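Please go over the structures that come below.
One chain, chain A, appears in both complexes that follow, with chain B as partner in the first and chain C in the second.
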Partner chain A sequence: MTQPIDTSIYIAITEAIRDEAKRLLLEGQVSAVIGYAGARRKGSAQPVIISQAEDAAKLIFSPASVNNLALYLTKAKKEIPKNGKIGIVVKGCDLKAIVGLMGESQLKREELYLIGVPCAGVLASTAQPSTGLTAETIAPKCTECNAHLPAGCDYVPNVQLPAPLQLEEKYIAEITRLEALTPVERWAYWKEQFAKCIKCYACRQVCPFCFCEQCLCDRNKPQMVESTPRPAGNTAWHIVRAMHLAGRCAGCAECERVCPMDIPLNLLNRKMAKELKELYAYEAGFEVNDKGPLSTFDEKDDQSFIK
Partner chain B sequence: MQKYISKQNLNTLLDTMIAEGTRVVAPCLNAGIPLYEPIKSASEMVTELLPRRSSKEAFFPVCEDIMSYAKEGQHVSLKDIDPSRFQETVLVGVRPCDAAAIPVLDAVFSWDYKDEFFLERRKKTTIIGLACTDADDACFCSAVGLSPGETKGSDLFLTPLEGGGYACETFSDKGEALITSHKELFSEQTKAKALPLAEPQTEKIDLKKVKAWLDGHFEDPLWDCIAVRCVGCGACAFVCPACHCFDIVDEGTEKAGKRRKSWDACGFWKFTHHASGHNPRNLQPKRYRNRIMHKFKYYDDKFGQTLCSGCGRCVRICPVGIDIAAIVEEISKK
Partner chain C sequence: MHSEKQKHSFEPKIIAFVCTWCTYAGADLAGTSRMQYPSNVRVLKFPCTGRIDPVFILKAFQQGADGVLVSGCHPGDCHYIAGNFHARRRFAAFRKLLEFVGVDLNRLQFSWVSAAEGGKWVEVVTDLTEKVRAMGPMAEFKQLALEEQWSGTIGTPELKEAYNAI
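Presenting the complex of A and B:
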């Protein structure tokens, strides 16, 4: 029998989000609120952008509120009008991405109204949306969460978050397993994973940090990376992606959640994060850093790679 | 022709065909993911899970070489792929929603340009459909006029029976030929009852009404409303049994390389990006509108069919929960 996770506070959070969104829109404090709304399938949720106070009643927070909505604030999402202050519902993991985007001068704090959610976890991509949250159905990223309570938000519903359960930390265990392999074995593992890629680019399209005007991998004058879903181009794409996100990825694991072919992409991101922590004592968090670890030089930086 | 085949005899049939050199494509697990792929033994077939991608790739692979080139000095040599070398294939265990999409693909690949890669594989393939006994709430075949017992697209159709085995019914010469050439494995139909089929929860949608609305609403606030959340990936198109857009690129070096055909998707910003830099579908709602228009209007205008069989894969896979069944239902009520 799998251990249930208490998400009863999500009912109160839903009420609080609705009230706050309604107030913000009525008072004209924000031009829009980005949050989650229910959808057709039982228990499902999807991102929604509302600009009318009466639509605030559509907002919900549930274990199916999986998306990192920070995506919609970036310049990659040209469809979202960026006029005036925007309200956004954020979990701790999503907030880290917003903080990272502020550090990269992509977002301004004063243009955002952050509605923070005390979060006990959301569902894994493998679970049907109507499933209850348990130690089995929880998203792998939530097993390692250190950001249940977002800090520095404009508003956080006043609810008591139940003490998080001790869950098996899914990525740490898997990274330890892969690190113990020989390079040949590890390469074989990743080759098998990348071979599954069909180049749908869902991983890129949901990433808040993939806001490049034109992705290197979309270039065809000249072509930088083979675009067809074949081993060479797939491998190049996933390595380019992992390296470009090193020191930037905030760990929301959206890339992995949305992969239709179940490629464990967040393992690459977590491995990079581990390296960054060991080398530069850097970790994505709630504090804005103007300079990322890989965009600054310090004489004390590790030089051991120069042989 | 109506016959009965036991589960064991079905396995024998598949193993015999594999031994004879036929390519047998069936739902099976690959690195833990259910996919329609060539199997080496009937025991690999897994019919309980809906394959993550549709059966279209038996004719229209994710990526294939269509030509190769080599350059030596001033001499350029081109080498065609010979489609006549494609193997005889049996596509078995096909869900009704996947099988029903195959005639839809036939229409477009044999329209003004005859796509010999698709058509040659298609000609050499016998399709064994399997009635569906398991639907979830993303399924909506019943909304687009199909059903878990739909036989469209199948040459031979299997219906699981109580007590094991299948009732099989033929719908084409290919299906009859398959039974005739292995008649010792089939027996006369039994009186056993069919297992209860899946019960999709969606009501039938009036697709004529949907089309009539689409005819007059190329510009409409609905597109912004439903598609502003679309992230512009190709997941929906790639898992779809009916989407058929592809890109052609040359990959290689100056000396040698291949011309390749691979899946494309109207959700990508690059899909309509002109060489001039102009993009008529510059924002995501315009791209998503094309997805709906193509499925429920343009394709119907041209071929009198709907480009959607309600498999629900796009609903399950969409990173942001866009639900085409809910959208079409909403349009039908306008």
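Presenting the complex of A and C:
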């Protein structure tokens, strides 16, 4: 039984984004707008950067607008010129990444013009871009979305978001399932998952928070993480990746979407987010904090695990 | 002076990451006080527990450690004022991650041992060594290190057919 999800507002949103981008570029308020444009496959969308007002008609928003465009603002994408303000189309989940990057002094709010999108959900990586959005084809992250309406944007199209459906929260269900297993069973599960990894580092390249000039995992003097795609190195890489994103990742799930081997990467990130919320009552992505949960401390922190 | 050394069928390798100001001095005190503790522990000295990256623990397990001990100054006694407070949060998160991946947390011990606590150092090291000895070798990471690229099984009918066709 497929439960359809109402995405009729996306047409109005597309119009509103086009008008706003055109106005911004004509008035010279921004030097470029980062958004989504139709791609070659039917129904698909790809990121686009426009700097001319006449190109504003290219912009769209559809259930295939899956990318987290915040990536194009980070240091990792140095080729994008930073002349003046940049307009960017953001869903609620992408906004969390931008908020996190602002907290880490990677972005300045005054250099951005945020075009927020009220979002009912986007397609999963496994769904064809032309399929309709249903309870089956929706991305797993959207089943747990708590930011359908992006807060604090410069412009949000005036549309009425349909009431979100109560969907099965996929990550929470999977984490609960894994936590109930014995360590041996969990190890077997992750061993199988990590064994698939081909070390393409797509998860790193697509992550807005992986902006280090030189990744620890690329260093070879000393080599901390084996770089060959053998099971030992893969396991180390995924543990290090999850640890470095702990307390920072807000769950745009881009790592999982781009993974060619379908490793449930966001599961590790969500698990860490859950633990940090339980331990330090911290949730990433809602407000600009210059200190994350792991870069600050409280003298009364739990130390029951320390002898 | 020396007690009779007991023979065991398995001698675990324990890696201890310690801070130079407290635990290393504490271990030194245990030594100068002629206290006995298992020689299974290999001590690695760091400026502070805040310098101990979780990746070191991972690396230790991968290189064949059966147990890992991380020890530093008591909260409030850090030579660098707050290094151990940061480490406490980091390791609290890291052990949750390791647990989720399926590592038995009984092999990983954290402790605060001050420069005056030679006796506590002996106690912590002995406890961990005996605990790990009872658990046997850390098989997971060692097996992983021996495994080659995934590729699934090599003797599949499709592959055999392709091989015979050459």
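The criterion applied here is as follows: the second predicted complex is superposed on the first by the 304 of 307 C-alpha atoms of A that agree within 3 Å, B and C clash if a C-alpha of one lies under 4 Å from a C-alpha of the other, contacts with A are read in each partner's own complex, and residues count from 1 in each chain.
By definition in this document, contacts are C-beta pairs under 8 Å (C-beta built on N, C-alpha and C of every residue); 3 or more make two chains touch, one makes a residue touch a chain.
Because the structure is predicted, anything quoted here is derived from the model rather than measured.
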Q: Look at where chain B and chain C land on chain A after superposing the complexes, then choose clash or fit.
A: clash
Q. Between chain B (first) and chain C (second), which does A:Glu299 come into contact with in this model arrangement: first, second, both, or neither?
A. second
Q: Based on the superposed arrangement, let me know which partner A:Ile88 touches: chain B (first), chain C (second), both, or neither?
A: neither
(Q) If we overlay the two complexes on their shared chain A, which of chain B and chain C does A:Lys196 touch? Say first, second, both or neither. (A) both
Q: Name the contact category of A:Ser44: first (chain B only), second (chain C only), both, or neither.
A: first
Q.
Between chain B and chain C, whom does A:Ile9 touch in the aligned arrangement: first, second, both, or neither?
A. neither
Q) Between chain B (first) and chain C (second), which does A:Pro260 come into contact with in this model arrangement: first, second, both, or neither? A) first
Q.
Let me test your reading of the model: by the given contact rule, A:Val225 touches which partner, first (chain B), second (chain C), both or neither?
A. second
Q. Is A:Leu268 contacted by the first partner chain B, the second partner chain C, both or neither?
A. second
Q) On chain A, what residues does chain B touch that chain C touches as well? A) 196, 226, 229-230
Q. Can you list the chain A residues touching chain C in their complex?
A. 178-179, 183-191, 195-196, 216, 224-226, 229-232, 235-236, 239-240, 242-243, 246-247, 268, 271-272, 275-276, 279-280, 293-299, 301-303, 305-307
Q | Footprint of chain A on chain B - complex, ascending | A | 30-33, 52-53, 62-63, 136-138, 224, 227-229, 231-235, 237-239, 247, 249, 251, 260, 262-263, 265, 268, 270, 282-285, 315, 317, 319-323, 325-326
Q) Okay, in this complex, where on chain C does chain A touch? A) 53-55, 58-59, 62, 75-76, 82, 85-86, 88-104, 109-112, 124, 127, 140-141, 144-145, 147-150
Q: Would you pull the chain A residues touching chain B in the complex into a rising list?
A: 39-42, 44-49, 67, 71-72, 77-80, 128, 130, 192-193, 196, 198-202, 204-206, 218, 220, 223, 226-230, 233, 254, 257-258, 260-262
